[in-house]
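Listed below are the structures to be examined.
Note that subunit A is present in both complexes that follow, paired respectively with subunit B and with subunit C.
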Partner chain A sequence: MKRIFEDRRTALLLLAPALLVYTLVMLVPVVWSLGYTLLDGNAVAGFQYTGFDNFARLADDPKVWQAFTFTLKYAVVITTGQVLLGYVLAVFYVFVLRRSGSVVRTLTFFPVVLPTVAVALLFQKMFEIAPQNGLVNSVLNALGMGSVDWFGSAGTAFFVLALMDIWRSMGFYAVLLYTGLLDIPEEVLESARMDGASGWRLVRQIVLPLSLPVLVSSLIFSINGTLKVFDSVLALTNGGPGLGTTPLTLYMFQTSFSFGDYGYGSTIALLLTLVCLVVTLAVFRSARRDVNA
Partner chain B sequence: MTTLTAGATAAPARPAPRRRPSPRTAGRTLVRRSLIGLLLLVEVGPLLWLLLGSLKSQRDWLDNPTWSLPTSLQWGNYAEAWTTGNIAQYLQNSLVAVLPSLAMIIAFGVAAGFALEVLVWKGRGPVLLLFLAGIMVPGQMILLPLFNTYFRAGLTGTLWPLILTYTATGLPLTVFMMATYFRAVPREVFEAATLDGASVVRAFFSVAVPMVKNAIVTVGLVQFFFIWNDLLIALTFTTDSSLRTVQVGLLNFTGEFGATQYGPLFAAICINVLGLLAIYLFLNQRIMAGLTSGAVKG
Partner chain C sequence: MTPIRRTPRRTMLLLATGTVAALGVAACSGPADGGSASAGAEAEEFKFLVNTENTTIPDLLTSLSEGACSEQEAALPLSVETVPQTQLDQRLQLLAGQDALPAMYAAGNSPALTKELAENGQVLDFEQALADLGKEDAVLPAARSTIEALYGGFNVLPFQYNIEGIWYNETLFADNGIEPPATWDELVAAAQTLKDAGVVPFAASGEQGWPITRLISGYLFRDLGPDALQKVADGEAELTDPEYVAAAQAVADLGAAGFFSEGVGSIDYDTAFNQFTSGDAGMFYMGSWALSTFADPEANPIGADAVGFMPFPAVEGGAGDVDAYPSNVGLPMTFSAKAYGAGVDDWLGCLADSYGDASLTEANTISGFASTAQIEDPLAQQVQDTIAASDSSVLWFEALFGTQATTTSQTNAAQLLTGAISAEEFMSLVQADLDAE
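Coming up: the complex of A and B.
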């Protein structure tokens, strides 16, 4: 019976369009981009072979290391915030709202589908100081406090960025973790309650260990996304002030398109890809160990 | 947490029988309500401010504190955003780029998922892994060679670069999700179809595709949001301002007027948000399930 499905020609036929587009528009460019790291120049002006100059430049470029550090800082802070707040919300959904909270869950999820640009412009205007005090500053003024120049320093700009990205994604992690929490058998919770566990102790000793697998996949998903952050930074702060909120993705983009430096841009892109690869593998491996233990 | 109070004596009888609310449960209800209120204020508040802002006049914006209500409703802001702000043009560009990409992603992705999961042939494991690897690769890694290629092929100045790139970047997750859905269908279903003498291709179209119809809608929604909200690819390949997608247009919106016109800007953001809200109102359960199922792959 199996033999009819061992049809290589049909398999190839069905696979061909996807494989063709994927190979030509993704796989070939990835390899091609590796080749660019050995060149200097761009599409319009032409290229020159420069050997490993780009890598030497990368090692000595303080801006790249600033962007690299920012990428890691952003990934750690946002991942922690997203997953932690998502988890708190999920516990809230399960134990306080019970199954009746469908409307609340749906409303809280809505910002997830909104375009980053729209959300970023909204937050920009909320925290604006000039030419017009934004919502936050005018509330501060009304309370008798002075306006804060939120986008004037790297620290406060990062704060707004973190607030925005956690705001728009916590509903997502809440629903993701909520479905994981629903998988915990009611009998297990019931017998723990009969043994006298309640509130915080119930969460820490029963719920947390049992929801570890879905917690781990949330972390992996979040890290993988936050390392590649681009849209929200570009639209909210454009990396500023100075390079204060510039991650590797944006630094690569500016190097390549504002300065027309494809060779060096590709080298930064390679660094970014390696970071994603190493971090994903590391999280994945340590997570495997934890879950199996 | 009402079952907790009754837990010691009547634990198995759940839900707890309704009694007259004691002061304690009344307090709990109050805490519960205020927590819900706080959550909704945080999530929905900014969006309400956006909606109100889109109806204020420029004078309103400049003369009164930004938290005040509009003194008169300026529906004209929407017309302004639509025409002077070019939002109509940008929306059209977005649709022209997104719809063909979406159609190709689904057609190619479903066929590939079937070929990789249901059909048995040597090398299907490695090919699936090859697709999976694409989920991790950042967009920055492919932008420069593509820019060069599209430039040389004379595609710059059209929306083709967007359509091609969206199709390719959408495939990895789609192939992976479709393979997962096909894995859940019992093999006997496909075997029964071929028993009647149908070829594998026929079985694919008349049995497999209808069986995963719901999954196709889910995957389509997920990809729609990814592509519609994309900025990186759209920003790179829309060198001509008449080709801007709605996100790129929004980013450059102030430039159309010279100085920030708050009302029209907020109206433009609102148009973008309200369009998605309309889709969300009808399909929210499916969107939530779809987007989160794309994440559980660890």
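Coming up: the complex of A and C.
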């Protein structure tokens, strides 16, 4: 077997199909899109070479920076929410529920398997104000408070979006982190306990350092996913009100396909790619230092 | 463990370059004719893509396919596909990019998009097509001139020929001693009276946005004159000029006074319609395409007799004429030039002959097609008379804007009413897009 893999031609032959598909569906569109950044136009009207005009426009476009700020805000809030709550849940599974928590684990994982659009519709109805009050406003009314137009301002719309996405994904991170926590040897925990560590101290000094690698993986997963958020925003608020909840991805999509400006849309995509790259590298480097320390 | 030997870099580089080049060539070498999959000659269906909100035209076409156009239906069956209006533009652009527009389709949310499609050969020239069929007189001259003014040529069909104004609930007005307001101040006073009586003064869809921005353009045309928005399009004026901001402020004031229902930004087109037709709201800015709904007792529980129509009120001291109605051909339908061919031309001929009558008699809607049918509904008659008596018309807020400014205007309109953004901010946002275009 070893000899087969050592043969360069065999390795190439085995790699070729996957490499071909990868090139076809990833690299070609990426290079293609990069080319569009130097063009102006769309598939209907044709394209014109405009040099670096799109980049100059990007620097001056207040909407891009609004979307960029929203993307970062969303990524920070949702990543913190889903990883933190996921970790709390995982600790809860391991130390409180132990082996008997499969029902709870299944229930918290359940939202992960639901289609995003269905969840978004559910939350739209729950936070609805017109034509009739949804569950949340009905509860507020019952408590003597007025109805809130949750999707009427950017702040409240973001709150609903954050709540939905954290609820939807914390079960996934809980399971991911749970598997990491299971890897911590029981003897280590036992000896820590015998040394008098318990509760918060046990988590902080033993569990947290030992589960750091899987925690870092979760962070990278989460940051990358949240920077590229699209479907949940589209389905819940469609970026509104105004541009209030529009991330870069949605702005890029609208620019390219609604406003028919493929060149500028590709330039926004490039910005997003660079942001993802920088953030991932930053997390990776700092994590490597921590893990190796 | 023996380490796996690495392939020399040069070989890998060559391989990768070769693969990318081969794929690039493959991707570029599409069929020379653009790969049109929906060319008329091969078509098996008369495909029609329409916005979901418009139920009148698909219903009428279905009815025609069973009656006057049954021969065409037998040769090329009608097939209707719908798309939400807010997603129509992107669908059209994607389909047009692949030369795959259906035989007939809703022509886009802004005339700018229709013009772009026309300039790139995606839209049928109806002047030529109707002449070839010997049906040049099928479209009324007034409707045709409206189309030419808006769409830069005879590029769309007037399945609707609308004027817009404010529909009001006559019963609610009578109960509260309100006369149809003739000026903006009277309109505000009437709204206050309705609000005090516990009625929502205005039904409007903030989700669609345009029923709100129409109030801004209405105010502008009455205050500054019919060329107010043409000046903006020509760069002679900006939306951020104080007299333009004043119009947005007047509409924002309506919102601040609580004249729209709570959560106006979440109210969709149908909900707004239901608010008015169920008697929950006193006034409703809408086009005359609403006639078909008003005439339907099931859709309009307050009854057609309780619905009145008034022009957008005058602004005191303003330069505009109250009889200049916003007129348009609705969200117009057009034919694909690429999918036009045998069978599709028969459909066009049949629609040219029969649509005008069917529209009036079956849907109670006034179209821009010539018709010999008599109007029976008094409300439709009133609108028809108004159209006949009016010798000037105005456009709507976004008529001369590009797609991006149109979207910005319509997606931010509800925020103007809720106070989430100020009148200045709203106008600046739209003006910024106009500047970018």
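The criterion applied here is as follows: the second predicted complex is superposed on the first by the 275 of 293 C-alpha atoms of A that agree within 3 Å, B and C clash if a C-alpha of one lies under 4 Å from a C-alpha of the other, contacts with A are read in each partner's own complex, and residues count from 1 in each chain.
As a working rule, a contact is a pair of C-beta atoms (placed from the backbone, for glycine too) under 8 Å apart; a residue touches a chain by one contact, two chains touch by 3 or more.
The model shown is predicted, which means the values in this text are computed figures rather than measured ones.
When both complexes are overlaid on chain A, the residue A:A43 reaches subunit B and subunit C alike. Look at A:I129: by the touch rule set out above, it reaches subunit C but stays clear of subunit B. Looking at the shared chain after the overlay, A:L121 reaches subunit B, while subunit C stays out of its contact range.
In the superposition on chain A, contact of A:L19 is made with both subunit B and subunit C. Judged by the number of subunit A residues each one touches, B leads among subunit B and subunit C. Look at A:T80: by the touch rule set out above, it reaches neither subunit B nor subunit C. Of the two partner chains placed by superposition, only subunit C is touched by A:D149; subunit B is not.
In the superposition on chain A, A:V28 makes contact with both subunit B and subunit C.
By the touch criterion defined above, A:E6 lies against subunit B and subunit C together after alignment on the C-alpha atoms of chain A. Once the two complexes are laid over each other on the shared chain, residue contacts for A:F257 go to subunit B and to subunit C alike.
Taken together, the two complexes place residues 2, 5-6, 8, 11-12, 19, 24, 27-28, 32, 43-44, 131, 257 of subunit A in contact with subunit B and also with subunit C.
Residues of subunit A touching subunit C in their complex: 2, 5-6, 8, 11-12, 19-20, 23-24, 27-28, 31-32, 42-46, 57, 61-62, 128-131, 147, 149, 151-154, 238-244, 254-255, 257-261. Contact residues on subunit B toward subunit A in their complex (touch as defined above): 1, 3-4, 7-8, 11-12, 14, 32, 35-36, 39-40, 42-44, 46-47, 49-50, 53, 61-62, 65-67, 104, 107-109, 111-112, 114-116, 118-121, 124, 127, 130-131, 134-149, 151-152, 164-165, 167-169, 171-172, 175, 190-191, 194, 199-201, 204, 225, 228-232, 235-236, 246-247, 250-251, 253, 260, 262, 265-266, 269, 272-273, 276-277, 279-280, 284-285, 287-288, 291-292, 295-298.
Every residue of subunit A that touches subunit B in the complex is listed here, in rising order: 1-2, 4-8, 10-15, 17-19, 21-22, 24-30, 32-33, 36, 43-44, 89, 92, 95-97, 104-118, 121-123, 125-126, 131-135, 138-139, 141-142, 167, 171-172, 175-176, 179, 190, 193-194, 198-199, 213-214, 216-218, 220-221, 224, 227-228, 230-231, 234-235, 249, 252-253, 256-257, 262, 265-266, 268-270, 272-273, 276-277, 280, 284, 287. Partner subunit A is touched in their complex by these residues of subunit C: 2, 4-5, 7, 11, 15-16, 19-20, 23-24, 27, 86, 89-90, 93-94, 96-98, 113, 116-117, 119-120, 122, 261-267, 271, 274-275, 402-404, 407-408, 411-412, 414-415, 418, 420-421, 429, 432, 436.
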